[in-house]
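Same chain, two partners: chain A is paired with chain B first, then with chain C.
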Partner chain A sequence: MEEEFESGVVKKFMYVNRKVPYGTIYALEVLEMILISAAFDQDVHVAFLDDGVYQIKKGQSTGDSGMKNFSPTYRALEGYDIEKLYVEKESLEERGLTEADLLVPVEVLSRTELAQLMSEMDMVLSA
Partner chain B sequence: MKFAILVNEGPYNHQASDSAYLFAKAALDRGHEIFRVFFYYDGVLNATRHAEPPTDDRNVGRNWQKLAEQHQLDLVVCVAAGLRRGIVEDTLAPGFRISGLGQLIEAGIQADRLVAFGD
Partner chain C sequence: MSTLHTVNKSPFERSNLDACLGRALAGDMILLMEDGVVAAIKGTAVSGRVEDAAKQFRVYVLGPDLAARGFDPGAVVSGVQVADYGTFVDLAAEARTVNAWL
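Up next is the complex of A and B:
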């Protein structure tokens, strides 16, 4: 594909999802970015915090809203070797959610731990 | 330093594109390199050729075009985000080009810093 790019450089990328899945397009277009970055053999991390945790909540139904329910795509990330998914513990708790409410296996980190992980990244893209 | 810039919001509704432009200009003035400017989400709307803002206000798209001309900047509009919003070859202003998201990832790999402007 035209995107193919060989440099041998592997950087730590983190995509930080902070917004609800619907209402704005950010969650969907971040997902498109994540999928593309899989083709570049980079060290990809995906974090969900604040209202972003709702992006991977089970049982999403967009019903008659006319919005596309893209939540099944999160389950496909594993097939693209994107397995480093993180959720902030405090964000889950503040919303009355637990790990059992989530669509995909994640590592739950405290706010402090997530901040530490972020500081180790080469690139953090947040939306 | 080698910078890459990501513009995540459209012109006027947000100040993000203005801030990104001023950042790019300041960086270039101080002798830094801008590897690429990538436009994503509503940021692709900065690349429309049809914008005609009132003449007593800045022209955000034109500012980018002029800066690109002066410094041979690579202004890249995401093809998928552009198609959603009607930014295609026919509507694209001079100085911009349309390409894939891979160009953003490549910029992130190549640059020392990727600086994102948006909400």
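Up next is the complex of A and C:
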């Protein structure tokens, strides 16, 4: 890997988020991985499907629960040149959500389109 | 180029088998491993779904994980092949990407 980075090879990475935030550490850990990968100038894609769509739901307020609200960080990804954010349409619909409920601009794809995009990646990290 | 999908949780406890089956593409490989091996067992509420999946995808179950949970290869639904660790490595090497559904 080190040699590849040194020679400037850019790989297509996709981080697949499938879990509700706060109940487990997965959402926060994936977000940290995304930020780290940005430092390596890779072609980073971030997908939200199944319960992962809740990670970018607007209006998260964690004060009373005593946890850190990390949702504003998704809006900061743009500043790290991570702008390829995808949400699965079926996952939104199953949960009664629409694009207007999301806190960051995304591209909404159907399950089939997202599966196709996923198959074009060099590396897929799902959590 | 195909993807190797790994599923390591029981379908009776978690939804990652469904998540995988909903996004796998024709010709992809699916390996049931760790607690995911129970999905490959005959006569359960999900065995029909796995048998159907085996017609569309190359479905494998990891033998050592199956044996650890007390199941023989004979207990596996038709169309699902029992793989050893060497086969797992071969599948990973053959695939363009490995997608571990957690």
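Note that in this section the second predicted complex is superposed on the first by the 122 of 127 C-alpha atoms of A that agree within 3 Å, B and C clash if a C-alpha of one lies under 4 Å from a C-alpha of the other, contacts with A are read in each partner's own complex, and residues count from 1 in each chain.
The definition used in the following text is that a contact is a pair of C-beta atoms (placed from the backbone, for glycine too) under 8 Å apart; a residue touches a chain by one contact, two chains touch by 3 or more.
For clarity, every value in this text was computed on a predicted model and none was experimentally measured.
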Touch test for A:Gln42: chain B only (first), chain C only (second), both, or neither? first
* Asked: First (chain B), second (chain C), both or neither: which does A:Val108 touch?
  -> neither
Task: Check whether A:Ala127 is in contact with chain B, with chain C, with both or with neither, and answer first, second, both or neither.
output: both
Partner chain(s) touched by A:Val9 [first = chain B, second = chain C, both, neither]: first
Message: Just to be sure I read the superposition right, which of the two partners does A:Leu97 touch: chain B = first, chain C = second, or both, or neither?
response: neither
Next on the checklist: Just checking: does A:Met67 make contact with chain B only, chain C only, both, or neither of them? Give me first, second, both or neither.
Outcome noted: neither
Of the two partners chain B and chain C, more of chain A gets touched by chain B
Chain A residues where the chain B and chain C footprints coincide 26, 122-123, 126-127
So, in the complex, the side of chain A touching chain B is made of residues 1-5, 7, 9, 11, 13, 25-26, 29, 32-33, 36-37, 39-40, 42, 122-123, 125-127
Within their complex, chain B touches chain A through residues 6, 8, 40-41, 80-81, 99-106, 108-110, 114, 116, 118-119
Per the touch rule, the chain A residues reaching chain C in their complex are 16, 18, 26, 49-50, 111, 114-116, 118-119, 121-124, 126-127
In the complex, the residues of chain C that touch chain A are 1-3, 15-16, 19, 22-25, 28, 96-102
